[in-house]
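Each of the next two complexes has chain A plus one other chain: chain B in the first, chain C in the second.
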Partner chain A sequence: MKKQIITAFIGIIVAFLAGFIIMALQGYNPAASYYQLFSYSLFSRFALFTTLNKAAPLILTGLSAAIGFASGAVNLGQVGQFLIGAMGVTAVGLWVDLPAPVMIPLLIAVALSAGAFYAGIAAFLRVKFNMDEFITTLMLNFLAGFFTLYLISGPMIDEKMYSPMTPMINRGGWFPQFGGLNFAFFLAVAALAVIYFIWNYTKIGYEWKVMGRNALFAKVGGCDNQKNYVRVMLVSGALAGLAGAIMVLGGMQHRFVKGIDANYGWDGVMIAIVANNGVIGTGLYALFFAMLQTGAMGMELETSVPSEFVLVLQAITVLFVVASRESAHLLFNRISVLLRLRKVRSQERVSKGDDSDAAFD
Partner chain B sequence: MQLLIELLRSTIMAATPVLLAALGGTYTFYSNIFNIAMEGMMLIGAFMAVLGSYLFGSWVIGLLFGLAGGILAALIFIIFAVYLKTDEFVTGIAINMLALGGTTYLLRQIFDVKGAFMSPEIVAIPTWKIPLLHDIPVLGKLISGYPFIVYVALLAALLVQFHVYKTRFGLRIRATGEDARTVDSVGVNSSSVKSISIFYSGILCGLAGVFLSLGYVNLFAENMSNGRGWIALAVIILIQGRPLGILLMSLVFGFFEGLGLTLQGTAIPSQFTQMVPYLATLVALYFYSREKQTGVEVEEVEAV
Partner chain C sequence: MKRTVSVFALILVLLVGLSLTGAATGHRVAYIINGGLGDQSFYDSGQRGIERIAEDFEVKTTTIECNFDPAKYPQALQSAIQWNADVIFVISYGFEDLLKQYADMYPDKKFINIDTVVENSADTITSVDFIEEEGAFMAGVVAALVTNDTSLEGVNPEMVIGAVGGDEDPVIKAFIYGYEQGAHYIDPEVKVETIYAGTWTDPVKGKQAAKQLYSKGADIVFQIASLTGAGVLEAAAEEGKYAIGVDSNQNGLQPGHVVTSDLKNVGDAIYDVYQSIVDGTFEQGKVLEYGLANGGVGLAIDEYTEEILPEETLNKIREIQDKVINGEIEVKRYQG
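After this line comes the complex of A and B, so read on.
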């Protein structure tokens, strides 16, 4: 764990340095830009709350990817599951009008099942026809993208607006705000806690973990891998679906707008990767990514570095953190082998009573 | 008749980027590298091609820039995956994200636009009218007058087939894919064989990108590769790497994309016609997996 924190810091620092150089080469003021990046994401209550709100979908898509990868289910369909989840709550939110205490739980249930349903298609194709979920989920992403685009620019369009979007959902489905902090954040943290509990303290979580480490071992040990695989895919999809839903229920617009998915799906995949599929790590990196994305707006405002720069910064952070983790792993291994070798040698010498060449060691 | 010719022409045009990217992926397939960075390599290639062509007013510079873009992405892949031992899957995802973010960023930084950059000053790849054939009524229309990269792509399919199966280097690539340690033990550096195969795949994906932004259309749009790198990967997996099979399969996908485009004038909403190539990939995967599955117990879930 300590090793992981150290390598994470090394990776992040190297990535920031690389970002520093890129900005400097393009004639921006990197120091001022970084200061604004932090100042607009952390240094005031409003900034901090904006970051936390931004983190909510990232935590969920990150968890979705992490739990899949850690169990050996390569779900890359967060984008599609996100869109279907968002579309599900939009559709229900438009036609159903109930008071908030009933409506919000209903919509959350809709979101979870819509995402699980969409991931379930890929799981079905895998179990039934042995189709690799890694490609099917990707293709399903595109299908979901086109399908939702069709709905919001045709049957469900708000004709008063100039770009494709649905009308606003009914008032009862809007998430409450607590002094600027959206309910979505608490929901995401709750989901994180639930997943943490399942992962670490239940039998099924243990079975998933074993399946991810060694599927054959899990099978020999008596786990039903197929059933567990389907469950993991459903849970993973449900989390991504919930992420989509909170962008509608807890967003500014309370409707499905074109481009609502931004890059949340792939950000989630990156977060899971950089956190090495750990649950707590996923939460922390989701906060870090949210901080970058929130701060980027301020950076653009103050030092005119285009906010898209953080997309670059995120990708190089992933590369450097993972690279430093894996090379550190190799380095530690080499060092420990050397140390052990030395110990063995000195023991040999002691047993022979010969220490003439000890000085050369 | 006119419609049929149009359909066949758009088939060939749409097949070309998938074919080039898949040929690039062939090298990494045989050296057993899980290369999912083709999407990103293509996108960087496409952006750089527009940049070069626009700045220097020459498609040659555009082409060179595009290839350099593909090579740059390949070098990043080599440094991280081969030498720093970063997971290939992770490296691939990161390169794709770097490509998406980087091109979007530079689009704003250099051209000051969001979404797409179009300009009459972007010089497109010239089309090639085959001297005698061009004047034959139907045949000429069918096989002549494409951007010349189309012909390069067809030639490349043959060359890659030859390179991988008939040359010493091809043998080394395949051997590295089979068992890298054995290759090392006979004195061939498997890391450099891997690096070279990634390098080739960068060049071919870069070329696919050049075709996208200077041949297929004449502009650069955010995320314009739009899953073609993924489809190329699906093609490679379906065909198990045979370059000539990849040629055929790419044409099939090109046909479906072309069909989607042809159907766009009809009453079917364009979003549905655009789904066709992705649906076709799923269907192809279905037939492939079903065939593979017969007589074999359902494979265990594999870890990443």
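After this line comes the complex of A and C, so read on.
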């Protein structure tokens, strides 16, 4: 755990140093740009809350990927499940009008089941026809993308608008804001806590973990791998679906806008990979990437560094942390072995130092 | 661990200390776009206007790209306010109602909405609206003349012309409407095939769409799809066919294949509006119309065009353009 934290810190610092050099070479002012990066993502209430709001979907898609990967279910369908979750709550939110205390839980349930349903298709194909979910979830992403685009530019379009989007959902489904901090963030943190609990303190979480490490061992040990696989896929899909839903319920527009998925699905996969599929790590990296992505606008605004620049920072962080994880551990081991060896040697020298000196004389 | 934390804290403190000093006085102009720069078309055209403002009026300008990420729309508006922008030019596809909210909240800021008409309750948003139909009419005229002229290299006898749009939205539909009128003015027999790519940022899809149109017998394809359209121009060069660029002058991007470009002079319009603010003739809450007559839209005819089209065709195009400007030819506007 300690080693992981050190690798993460080194990775982030290396990325920032590399970014510093790149910006300086391009003729920007790196120190001022970094200051703006933090200033527009942390240093004011609005900035901080924007970062936290941005982190909410990243936490959820990250968790979705992390628990899938850690259990050996390669769910790469976050994008599709996200879109179907968002479309599910939009459709229900448009046609159902209830007071908020009833409507919000209903819509959350819709989001979870829509995402789970969509991941369930891939799980079904795997269980019945042994089709690799690696492929099917990816393909289903395209289906969801075109299907939702068709809906928002055809049957569900808001005619008054200049680009494809649905009308606003009914007011009861809007998430409350707490001085700019959206309810979505608390929802994401709650989901994180639930997953953490399941993962570390329940039998089923243990079974998933064992399945991810070694499926054969889990089977020999008496776990029902097929059932566990389906469950993991459903939970993973539900989380991604919820991420999509909060973009509709928690945003400021309260409608399904074209491009609503942005890059949340793939960022989630990236976060899971860089966090080595750990639950807490996923949450922290989601916050970190949300901070970078939020602050990017400030850099662009004040020092005209293109906002795409943070993608470079992200990529270097990911590359460094992932690539150096194994080698760093080896390095740490070697250092500790060397230290111990030196200790042993010096002790040896102390104990038999006199004889050897005597022999040379 | 403790040391790492303290080093990190030290770095933070240093960064704070290095904060920017000496903010510029005078006007600050922000340009908020829903998409991203680098499309060599629509958004870049506006950016040239912003750069000219920065140079000529010595004001501080900034550009905020949302890259089609809806989560960034409110942040972009809020950041522009925080940055203390006095004049905010905004291309608000996808967040028209957010723009209304912000304009109502900050009535002392000058919001100028580009390319669509957005009206808030306090009526403080000024809209710059382009008469796309007129520019597209001229593009249609050129396309029909090209497909009719089998002496041009690569032109087949079939009377088909194509168009690739980004989204199926009212502005693009207005383009198509004008394009068809122009083509049919030359020859009512000409058939117009349209494909909507569904994206503004994917040249690969634009290329596929264009190749599909060429295989249907089209000789020339009009692209109205921002960055997606770059693929259309590439397809023209690969297939040995022709294309028409949009918004910026794209004639030189694939020399010999981009016949002309239907300019939408977003940059000039932005410059004009800012000039009027400086002069004091600016009227808030108005809808400003830019058409063929005042140079808001129009064809880019340059040496690349002259290389492809014979002199008589060019004269004919200019003649028709004059007729549209003086009202002899009436281009019908698209009604939603």
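Definition applied: the second predicted complex is superposed on the first by the 331 of 361 C-alpha atoms of A that agree within 3 Å, B and C clash if a C-alpha of one lies under 4 Å from a C-alpha of the other, contacts with A are read in each partner's own complex, and residues count from 1 in each chain.
Just so we're on the same page, contacts are C-beta pairs under 8 Å (C-beta built on N, C-alpha and C of every residue); 3 or more make two chains touch, one makes a residue touch a chain.
The shown structure was predicted, so the numbers you read here are calculated from the model rather than taken from an experiment.
Chemist: Once chain A from each complex is brought into register, does chain C clash with chain B or fit beside it?
Modeler: Once chain A is superposed (C-alpha atoms), there is a clash between chain B and chain C.
Chemist: Quick check for you: in the superposed arrangement, does A:19 touch first (chain B), second (chain C), both or neither?
Modeler: neither
Chemist: Would you sort A:142 into first (chain B), second (chain C), both or neither based on which partner it touches?
Modeler: After superposing on A, A:142 lies in contact with chain B but is clear of chain C.
Chemist: Quick one: classify A:153 as touching chain B (first), chain C (second), both or neither.
Modeler: both
Chemist: Check whether A:125 is in contact with chain B, with chain C, with both or with neither, and answer first, second, both or neither.
Modeler: Only chain B is touched by A:125; chain C is not.
Chemist: Would you check which partner chain A:34 touches, where first means chain B only, second means chain C only, and both and neither mean what they say?
Modeler: So A:34 only meets chain C here.
Chemist: After superposition on the shared chain, which partner residues are touched by A:298: those of chain B (first), chain C (second), both, or neither?
Modeler: second
Chemist: Quick check on the superposed pair: does A:260 touch chain B, chain C, both, or neither? Answer first, second, both or neither.
Modeler: Only chain C is touched by A:260; chain B is not.
Chemist: Counting clashing C-alpha atoms after the superposition, which of 24-32, 96-104, 114-122 or 150-158 on chain B is the one that bumps into chain C?
Modeler: Of the candidate stretches of chain B, chain C runs into 114-122.
Chemist: Which parts of chain A are in contact with chain B and also with chain C?
Modeler: 146, 149, 153, 263, 306
Chemist: Taking the complex as given, what residues does chain C use to touch chain A?
Modeler: It comes out as residues 1, 4, 8, 12, 14-16, 18-20, 30, 34, 62-65, 67-76, 78-80, 82-83, 93-98, 116, 167-171, 198, 336.
Chemist: Which residues of chain B touch chain A in the complex?
Modeler: 76, 80, 84-87, 90-91, 93-98, 100-102, 104-105, 108-109, 227, 230, 233-234, 237, 269, 271-272, 274-275, 278-279, 281-282, 285-286, 289-290, 292-293, 298-304
Chemist: Help me check something: in the complex, which residues belonging to chain A touch chain C?
Modeler: Going by the criterion above, the answer is residues 2, 5-6, 9, 31-32, 34-36, 38-40, 44, 46, 50, 53-54, 146, 149, 153, 159, 161-165, 247, 251-253, 257-260, 262-263, 294, 297-298, 300-304, 306-307.
Chemist: Where on chain A does chain B make contact in their complex?
Modeler: 26, 69, 71-74, 125, 127, 129-132, 135-136, 138-140, 142-143, 146-147, 149-150, 153-154, 211-216, 219, 225-226, 229, 263, 266, 269-270, 273, 306, 308-312, 314-316, 318-319, 322-323, 326-327, 330
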